[in-house]
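Reading through the C-alpha cells given below for one structure.
Per-chain numbering from 1; labels A, B, C and D assigned in written order.
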Amino acid sequence: MMGSLKKLLGLAIVLAALPVWAQDAVEVGSITPLSGKLAVYGEGFQRAMNLALEEVNAAGGIQGKPLKIIFEDNGSTSQGSVSAIQKLITVHKVPIIFGPAASSNFLAICPIAQQNKVVLIGAESAAADISQCGSYVFRVFPSDILQGRGGAELAKELGYRKVVLTYINNDWGVGLAEAFKDSFTESGGEIIDEFPHEEGKSDYRSEILRIKQSNAPAVVNLTYIKEGAAMLKQAFEMKVKTQWIMGSASKSPKLVEIAGEAAEGIIGTYPTFSQDTPQYQHFKTAWEKAYPESKIGVFAEYNYDMVNLTAKALNLAVESTPEALREALMEAGKGYQGVTGDKTFDENGDVGAVYGKWTVTDGKIVDYRK
Amino acid sequence: MKLLEVRDLHAGYGRVTILFGISLAVMPREIVCLIGPNGAGKSTVLRAIVGQLPATRGEILFEEMATAGMDPQEKGTRGLIFIPQGQNIFPSLTVTENLEMAGYLLPDRETLKSRREEVFAVFPWIAQRRHRPARELSGGQRQMLALARVLLMQPKLVLLDEPSLGLAPLMVEEIFERILQMNRQGTSFLLVEQNARKGLAVSHRAYVLEQGRNRLQGTGRELLTNPQVQKLYLGG
Amino acid sequence: MYYLQLVINGIIAGSMYALFAVGLTMVYGVFRFINFAHGELIALGAYSALFFTSPPLSLPLIWATAPAVACTVCVGLLQDRLVFQPLCHGTRMTLLIASIGLSYLLRNAIQFGFGSDLLSYNVDLAAGYEWGPIIVTRMQLSMLITAVVFLTFLYWLFTRTMLGKALRAVADNMELAGIMGIPLGRVNRTVWILAATFAAVGGILLAMDTSLEPMMGVINLLKAFAAVLLGGPGNVWGALIGGIAIGVAENLSVAVLSPGYKDFIAFAVILVMLLFRPGGIFSFQKGMR
Amino acid sequence: MDYLLHIAISTLIYAIFAMSLNLELGYAGLYNFGHIAFFGIGAYTSALMAVGGLPIPLGITSAMALAGLIGAGLAFTVLRLTGDYFGIATLAFGEMMRLLFLNERWLTKGPMGIPGIPRPTLLGGMPADLLQYLMFTVACTILVFLILHRLETSPFGRALKVVREDEFVAQAFGKNLLSLKMRCIVVGSVIAGLAGALWAHYMTYISPNDFTLQGTIIVLLCVVLGGKGSPSGPLLGTCVVVLLQESLRFLPIPTDFGRHVAPLQGMVFGLMLVLLMLRRPQGLIAELHGGRGA
C-alpha cells in the first residue's frame, strides 16, 4: 500500500511538472461552475464563451495568434474559486480572468485579482459590493442596485403599491432584495410581507400559502430557475391569482419549459438589450447553429459579449502589462455595442443598463409591452 | 445408534481457543446435561455443534452424518434445534408469529397449522395471548414460548442453553416439567445448566467440563452423589 | 383555515418523507447502519424514468415507472452484493462510511450521465381540487394516494405473509432468525427490493412535482433521517408518523418563522428527539414493527 | 509559486482540521458529522472580530475559546448518544449552525458572506504575504501536531485507545468514559476553531457555503484515508486528497469533455471511500503503527 501511495504522489508530481501549454496562443482564464449547484448554469456560460471564442479566432484571433480560454472549475464554491484563480495566475500566468458566477464566489477572489494585478471580469455577478473591489475588477453585467431600481419601477409602472417580497436565500437573492426594497419603499411602495425561501427545495406550497394569505395583488419573487418553476407550478395548482414579478435569473426558457402553463403572464425585469439589434440577431443565429439542441442559456449573451470585448481589448493593448491591459479594456468598452448593449465602464468598472421587462406569452419569453 | 456424537472437538473465538478436545454423545430419547464452572466452555460446545463457531479440529456427527457444511436450515429439517440463552424469541413479533417462525423448518403450512393448535391446547395461556407482542411476556413466559416453538417443530434433539437463567424457582420447576414431558414424547435434549443440581436431577447422563476439556461423566444420579462434584458444583 | 391548509400540506409533504424514511428504517432495522446512499436511489428512480420516457423508447410516464423501479432495485441489490454484504462483518461505521462513498459515486455518476441541467417530465398542469377553503392539488393527491397504497401494502406484507414476518424476525434478532432456518439471503434481498422500490416511486413523484437534478435525493434524505429517528430506528410505523410530524412541523413553521428556517425545524426536531427520547417516540426496544 | 503556496497553506489548514476530527473519530470513536460547524464558528468569530477592528490574535484566541465552549455544550447534550445516533445528532447540529450563519444576517451578513477579512500583520505593520502566512500556518500545524502527539502518549490518550479497542473495558470506565470523550470533543472543537480562524484570515472571505456537510465529508475522507488514530494519518490523508483534487486541474482534458471532469472526480472520491472500506478500513498508514485490522 505504501508502494501505491508513492506511485500516487509520484503521479501528482509528474502532473504538476507537465509543461504548460505552448505559448503560441493568447491565453485567458475562466473560472466557471462546472460542478456543484451552479453547474446548471455553468454549461451554458461555457457554451456562450466558446461560441464567441470561435468567432474571435475565425476573425484572426489576437494580433494573429489564436485566443484560448482556460476553463477552471470552481465546484460552485468560494474555496474552489480561490484554488482556481491561484492556479490561473501562477501556473498559466493569464493576464485576464473571467470571474465565477455567484457574487459570493466572485467576492472571494476579488482581493486576489486586485493584489496580483490581474484583470477580473464578471458576466453574472450582480452584488453591489463588487463595485468597491478595486481598479482591476470589471463586469459586463449591471449591479444589483440598477436591477433593484428597475424592479421597483416595474412594480410601480404596473400599478402595484403593495407587494409581497420573497427571494431565494443566497447572495444573489438577498442582494437584489435589499436593492429592490430600498428603491421601492423610498418611492412610497409598501412591502406587506417579506421572507426568504430556501434554495433547492421541491415543495414551496406553504410559502405560497403565506403569499395567498396576504392577499397581495402582486408578488415580487427574486429567484432561480428550479425554485421559480416549482413555485409557479404549485401556485397555479393552488389557484393563487396574483401578478408575479420576477428577477433576471428566472428569465430562462428552462423555467417556462418546467412550469409550462403556470409561467404564462409572469412579468420580470432584466438588464435589457434590444433583441432587434443586428448584434443580437447574429448571436442568436450563431447559437442556434452551434448548439441546435439547446436553448440560449441564462446570461449567455453577457458571456458572449465578455469574450468579444476582451478580444477587442487584447487587440488594442500596446503591451501586456496589467496596467496597459486595464487601460485597453476601459478603452475597448467605450461605446462598445455588444449583444447586451452599451458596455462603457464607469470608474468602478461597472456598466450601465437599461432595464427591460419580459413576460411569458404562449410559452415564449418575449419583451413586455403594455 | 448414537443420535449425536462429538469427537475431540476443538473450537474458539478467533485466535482464542476455548475447547481443547471435547467428546460426548447423546443417545435417542436421552436428556444429557453439561455442567461445569463459568468459562468451562459449555455454551461454546452447543454453539460449535450448531455451527455458529467453526470447529478447528474434531468431528460432529448427527445421526452418523457429519454436520460440517450443513446450514442451519438443513440441521433444523433433520431435527437438530438450538435454543440460545437469553434472547430466544422475537420480541416485536406477536406470540403466534413467533410460533409461525418455526414454519421454515416444517414441510408445509398444514403441519404448521395443526401443530399450532396442539401447542395452544398444551399451553392455554399462549392461546389467550396469541395476538400480543412477545415483548410483553415475562422472562419465564418467553422461555416457555421458546419451548413451545420446539414442540411445534418436533425435533429429534434440542440443544438448550441455560433454560433456567434468571427465572423464579417456581418457573424453573415448570420449565423442567415441560422438558421432561417433551422427552417422554421422544425428544432428546442436550442442555447446559448453571443450576447443576436441577440439571443433574432431570438428566439421564451428564458431562462435567473444565477449561474446555472433559472432566467427568456419568449418570445424573451418580454425579449428584459424587463427593467431588458435590463439593465443586453443588455447593456442599 | 390557513392553519388547516398548512397542516394538510405538511401531512402530504410528510408522507413523501415517510416513503423515503420507511426504506431507510428497514435497512437500518436489518443491517444496523444508516444508508447515506438511499438518497441516490431516489434520484436514480427519477432519472431512470426520464430515460424510459425519452427517445428512443419514449414510453408514457405511467409505463416507464415499472422499468425505472426495476432499474433502481437492481442498483439496490448490486450495492448490497458488492459493498454491504462483504462488509457486514465489519463495524457499523465501516458500513456507514462506505454508504457515504457510494452516495458520492452514484450521485456523480448520475451527473456524468445526464448532466447537471434541470430536467423535467413535462407533466400537464391542472388546477387543484377545492373543498371549501381547502385546496389540494392533483400532484399532492397522487403523492398521498401513492403513500397510502404503498404503506398499506407494507402493512399487509408485514402482518399477513411469512416473508414479511420473517423480515421483522430478522430485524429483531438476526442470529436467532438464522438458527430458526429463516432464509437470511432472501430476507436481505427483500429489504433492498422494498427500500429501492419505495425510493424510486417517491423519486418519480418528486420529479413529477418539480424537476430532476442530481442532488434531488440528498435534499430529502436529511428529512428522512429525521423521520427515522423520530419514529425510532427500525420502526416502520414510527417512520411514517415521524415523517408526517416533521412535514407538519416545518410547514406550520412557515406561518410564524422565516421560511429560511424551514430546515432548521427538522434538525431541531432530530436533536430534541435524540436528547429526550433516544429511542424514538414509540419504541424503547430494537426491532422492526 | 503562489499557487504552490496556496496549495500548501490550504493543505495545512485542512490538515489541522482533519487532525481535530481525528482526535474525536480516531481516538474516541466519535463520528462527528457536524465537525465543520466548529470550523465555521472559528472562522466567523475571528473574521467578525477582525473586521470590527479588534486585533487578530485576540480574534483567533476568541475563536478557539468560543468553539471550545460550544463544543462543550454540544458534548454535554449529545454525548449520551452512541454510534450512529451521535453521528446524526451532530450532523443535525452542523446543519443548524450553517442555517444560523445563513439566516442571522444582522450578524453574519447571511449569504453575502464577509469579504475583506484582514490578514495578520507583521511587526512592521504590513499584512503577511503568502510565504509568511505559510510559515505561520506551519507553526500552528507543528504545534497542533505536537500537542496531539503528546496527548496520544499521555495517560489520557492511552485511556482513549483502550476505550476504543474494547467495549467491555469502556463500560467499566463508566462515568470517566464520558468525561474522557467530553474532553476529546472540547479539544477537537478548539483545534477546529483554530483551523477555521486560519482559514478565514487566509481566504479573506467566508460565506455559509463554506461550511456545508460536504466539508465534513472531505475531511472525513482525509482522516479515513490516512488512517484513524495517529496524528500523522490525517496529515498524509489531507495531502493525498488535496493533491488528487488539484492534480486533476493539470490533466490535458479537451474542453468539450470539461463538464464531465467534476462528476468524474466525484465518482473517484466516492469509489475511493468504498474501496478503502472494503480493502483497508484501517487506512493507508495504519500498519506502520501496528494498527488493528478490520
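Rule of thumb we're sticking to: a residue touches a chain if its C-beta (ideal position, glycine included) is under 8 Å from a C-beta of that chain, and two chains touch if they have at least 3 such contacts.
All of these numbers come straight from a predicted model, not from anything done at the bench.
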With subunit C gone and every other chain left where it is, what groups do the chains form? A, D | B
Central chain (distance from its CA mean to the mean of all protein CA atoms): C
Using mean CA coordinates as chain centres, what's the subunit A-subunit D distance in Å? 33
Between subunit B and subunit D, what distance separates the C-alpha centroids? Give it in angstrom. 53
When the centre of a chain is set as the mean of its C-alpha atoms, what distance in Å lies between subunit A and subunit C? 36
Determine the centre-to-centre distance between subunit B and subunit C, using the mean Cα coordinates as centres, and give it in whole Å. 42
For subunit D, which residues are shared contacts with two or more other chains? 102-103, 259, 262-263, 265-266
Indicate the residues of subunit A shared as contacts by at least two other chains. 35, 39, 42-43, 169, 196
Set of subunit B residues in contact with two or more other chains: none
For this structure, enumerate the chain pairs that meet the touch criterion. A-C, A-D, B-C, C-D
Name, in rising order, each residue of subunit D that touches subunit C in their complex. 29, 31, 77-78, 80-81, 83-85, 87-89, 91-93, 95-96, 99-100, 102-103, 217, 220, 224, 259-260, 262-267, 269-274, 276-278, 281, 294
Give every residue of subunit D touching subunit A within the complex, in rising order. 1-4, 6-7, 10, 102-103, 105, 110-113, 115-116, 203-207, 209-210, 236, 240, 243-244, 246-247, 249-252, 255, 258-259, 261-263, 265-266, 280, 284-285, 287
Would you pull the subunit A residues touching subunit D in the complex into a rising list? 1-2, 5, 8-9, 11-12, 15-16, 18, 34-36, 39, 42-43, 46, 50, 71-73, 75, 77-79, 82-84, 86-87, 89-91, 103-104, 107-108, 110-111, 116, 127, 129, 169-171, 173-175, 196
Residue numbers of subunit A touching subunit C in their complex, please. 35, 37, 39-40, 42-43, 169, 195-198, 200-203, 205-207, 209-210, 213, 225-226, 229-230, 233-234, 236-239, 254, 257-258, 260-262
Residue numbers of subunit C touching subunit B in their complex, please. 162, 165-166, 168-169, 171-173, 175-183, 285, 287-289
